[in-house]
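In what follows, chain A forms one complex with chain B and a second complex with chain C.
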Partner chain A sequence: MENDYINIILADDDRDDRLFFTDAFEELRMNTKVNTYNDGVELMDFLNSDDAIMPNVLFLDLNMPKKSGIECLNEIKASGKMSEIAIAIYSTSASEEDIEETFVLGANIYIKKPSDFKALKKVLAEVVSINWQYHTNSLNKDNFLLRM
Partner chain B sequence: MKLFIKFDFNTICKKVLETKLNELRIKYRILAFGEVELLEKIPADVYEALSNALKDYGIEIVENQKSILVQKIKDVIIDMVFNEESTINVKSSVYLSEKLGHSYGYLSNLFSEVTYTSVENFIIIQKIEYTKQLLLSTDLNLTEIAFKLNYSSVAHLSTQFKNNTGITPSAFQRIISKRRTIAQQKN
Partner chain C sequence: MENKNFFKSSLFIKIILLGSLFVILLIGGFTYKHISNLTNSTKVVVYTYEVNVELERLNSYLIDAESVHRKYTLTKDTLYLAPSLIARKKINNSFLQLKELTIVNIKQQENLIILSKLIDNLFLNFDKTNRLVKNNEISTETFKTLFFEEKVILDAIRRQVNEIIELENKLLKDRQKEYQSDLQFTPLFFYFVLLMTLVIIVMSLNKINIDLIKIKAKNDQLLIFKESTNQSEIIGKHGNWVWHINANIFTYSDNLYRLLGEEPQSFEANFDNFLKFVHPEDVDRLTKDLDRMIVNEELPFVSYRIVQKDGSTKYLKAYAKAFFSIDGQKRLLGITSDITDEIENFLALEERNLELERNNKELSGFNYVASHDLQEPLRKIQTFISRLEDRESDKFSEAGLQYLERINSAIKRMRTLIDDLLQFSRTTKPDKVFVVADMNELFENAKQDVAVLILEKKAKITCDLLPNAQVITFQIQQLFLNLLSNSLKYIQTGKAPIIKINYETVKAKDDPNLVKATKSIYHKITFADNGIGFEQKYSEKIFDLFNRLHNKQDYSGTGIGLSICKKIIENHQGFIFAKGKINVGAVFTIYLPVN
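Showing the complex of A and B:
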């Protein structure tokens, strides 16, 4: 278990958001590997490739060009090999409709992007820690809903 | 038609263990709390075959001493939460340290070091997990569940649920039931 690392992916078209995200994980004392993709098409191409290692948790921006977060979510949920990935929606919107809709479509986590770096680190640490408990303790993933 | 299913993880695990151990002709004795005693030395290839066979079921052979103790802490907590009759009115710190023969300080430090969470938080996660399960698979309402899980009040459970998941118990029920409706329409 000591050698395990947590495999994390972010798909977000905003360059600054991607940078903040990877910086935040570098400062957290967690054993993580973070990969980022610039839009939904890039992300799905990767996940669909034969030798892709599925992440433990996937952070998905809702508003992306070419393929939106919702479209990715639907494709992932319809796919057998990706169904184990915990999906975290990572969005600037905090509308109740968006939140409930994405949960109903199968997202596990909904995060409103925090405005400052300190808050971001705190939120990401908490999300990854709770997700890790689901991953390592055979908790029922169908019942895993978390809103931050 | 819809079937509502309730299962007991301990029974399932025990059954899987027995089947796999028998298949590999290993002589064993199953002890309490996720411990299996092998009654004779087994060759490395058999050990590996067992480890792989169990992995398919999400069962992992825990190898080092720290991980073993952490796993025991988790097992005691899960048993404490899910078999609530066994522990009424016992403080969890006292219960853990009596059950495992180490001071609570030692157990709690070790636990935080290995699991990315604390013992206290792990207990809450398990209680919320049990609450979710009860909400979805029984007719109990939140007040009855709060009583069953030894909460001082329904408000306390409700607040803890919201703090832990970010959503209220009723929103949780509504979302899961919408998901089920959609899944049914697809079939």
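Showing the complex of A and C:
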């Protein structure tokens, strides 16, 4: 059954980050299915395809070639069928401008990539287990950036 | 005002002139009248004498007649009758003469009538006696009576003549008296009038002289003013022009011609000639402005370009305003100035600003990329090391594990450096919002950030009550944090840190540190600690970027923290000073302007 597991997508141009990401979920042993895309164009091509299954959580890197995370976020929020996806910004930096912009554009949470694998696992586990309905309702600028 | 006085004084002179003319005419009139009076008096004297002479003549004729009559009476010779007739004729002539002479005097006429009757009686008497003599009736009573009557009549005639003479003499006397008084009064009057005229003329001359001196002084001033205006126009690169609206005449100052690149007064001043110099693209606009100027009689600030004959383009700015002269003439006074330098400077400045903006943008872009892109490989190295430590630690030797730890600490240091650099570049950014904030709160926040360290080092921190101030809150908080971290970092081994924060307000003129201050009152906050201190000679150097006084092994730090403090203080137009003594402590004094 498709709905038995949590469908997770990561769009990141960095090979190492994709590796950490999939390794972390492997070690977490949660009921998740992880797909990764190498840039914004690949991601949007998939999401726009007719038979695409919408993920439960989309992890979006900001700095990507061809199509940036911000552009993807814009397109997703503008499209009807994708607007329900929970979007977690997954970026190296946590600059005020980026946080502000993605919050305004409607992202659900902002994660600064941790520099420790244990910390990474903890963050991902936390994000995946968030009750998005509840989180979105009480979302504000202070709890938008995930602090561990 | 001065001009008004001048006009007043000119009117005054006119009045004096008219007054003098009037007085001179008066003198003329009086003189004429006096001279004619004198002539009249002379005539009267002459006439009186003529009357007297005639009367004497009449008298002598009468005596002649009487003597002839007597002779006839005595001699009865008719030879004497003829002269008697002649005497009678002469008397009549003389009488006629007298009548004519006294024609204006009624009293004398009356006297003459009486005289004439007396003379008639006398001759009647003569006739009667003559007849008696002829008839030889001399000894008769009648003759005697007649003879006696004759004597009576003659006496009466003499009396009458005397009376006339007396009357004439009296008249003469009166007239002489009048004439005398006239004569006495005349020189005094002349003298007085002459004196008056002289006084008036001297006064007028004096007034004219004073006015002339004033006018000369004014003229001198005007000359100086004109010359200084010329000079200032040349130095200030502006020229003036006047439009005499009523006469539709223009005058241009010399320097206006120079602004156009022409010799002064080398062409006729008017719109058309001026428009020949105006840049073709600006002609329409300026013409419209000038048309409006003709209607409104005012020219608001206009700027336009001109092309000089040598082809160089200049920027001019003009302004004009209506002005009424004292005599009611309406004029438009205009100033035109050459703003080419300003425009060129402005353009150069704008260019430079754009360049700076570009540089700034590049720099901030570089900062972002540096901090963001440098973080990424670091983070990955750290993550890979954490993977190694987690999964492969049993495969490492003791030394290998130590190397891993060294790598980790090097990465941490690198990360701190990048974070601090990022912080520094953020401090430089121009988007600063000043708000009134409670500095106690900012200090507490900063203290919270280092709460763990404070507990760890058992630090004692005392702080005065701080004021509210207009600040960039996150920067001031950063400043407090950096100063606190500094004091908590450079501590003496085995000595619990004591940090004292004091506050007071100072006047710039009372504080030797505030010689360069631009504001008058400052908040003065001092951070004093009992740490390792520093040598006073480094008191300025420690604020330089990347400057460190200690090696990395002894004290961690990037050499950016205090540079950030200095930058923050500069952003607030304040000052920061450091004072240190080795192994005693350091004191950082910050000054922030009170609004």
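One rule holds for everything that comes next: the second predicted complex is superposed on the first by the 127 of 148 C-alpha atoms of A that agree within 3 Å, B and C clash if a C-alpha of one lies under 4 Å from a C-alpha of the other, contacts with A are read in each partner's own complex, and residues count from 1 in each chain.
Definition applied: a contact is a pair of C-beta atoms (placed from the backbone, for glycine too) under 8 Å apart; a residue touches a chain by one contact, two chains touch by 3 or more.
Not measured: the values here are computed from a predicted model.
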*asked:* Quick check on the superposed pair: does A:S138 touch chain B, chain C, both, or neither? Answer first, second, both or neither.
replied: first
_Partner touching more residues of chain A, whether chain B or chain C_ = B
*Given the touch rule stated above, what does A:D116 touch, chain B (first), chain C (second), both, or neither?*
second
*Quick one: classify A:D16 as touching chain B (first), chain C (second), both or neither.*
second
_Going by the contact rule set out at the top, does A:Y5 touch chain B (first), chain C (second), both, or neither?_
neither
*Between chain B (first) and chain C (second), which, if any, makes contact with A:M30: first, second, both or neither?*
first
*Between chain B (first) and chain C (second), which, if any, makes contact with A:T92: first, second, both or neither?*
second
*Using the touch definition from the top, say if A:N63 reaches chain B (first), chain C (second), both or neither.*
second
_Quick check on my understanding: which residues of chain A belong to both its chain B contact set and its chain C contact set?_
none
*Would you tell me which residues of chain A are touching chain B in their complex?*
1-2, 30, 100, 103-104, 106, 110, 128-130, 132-133, 136-140, 142-143, 145-148
*Quick one: in the complex, what on chain A touches chain C?*
14, 16-17, 20, 63, 92-93, 95, 113-118, 120
_Residues of chain C touching chain A in the complex_ = 368, 371-372, 375-376, 378-380, 382-384, 386-387, 390, 415
_Going by the contact rule set out above, which residues of chain B touch chain A in the complex?_
9, 58, 62, 64, 67, 74, 114-117, 122, 125, 129, 132-133, 136, 165-167, 171-172, 174-176, 178-179, 182
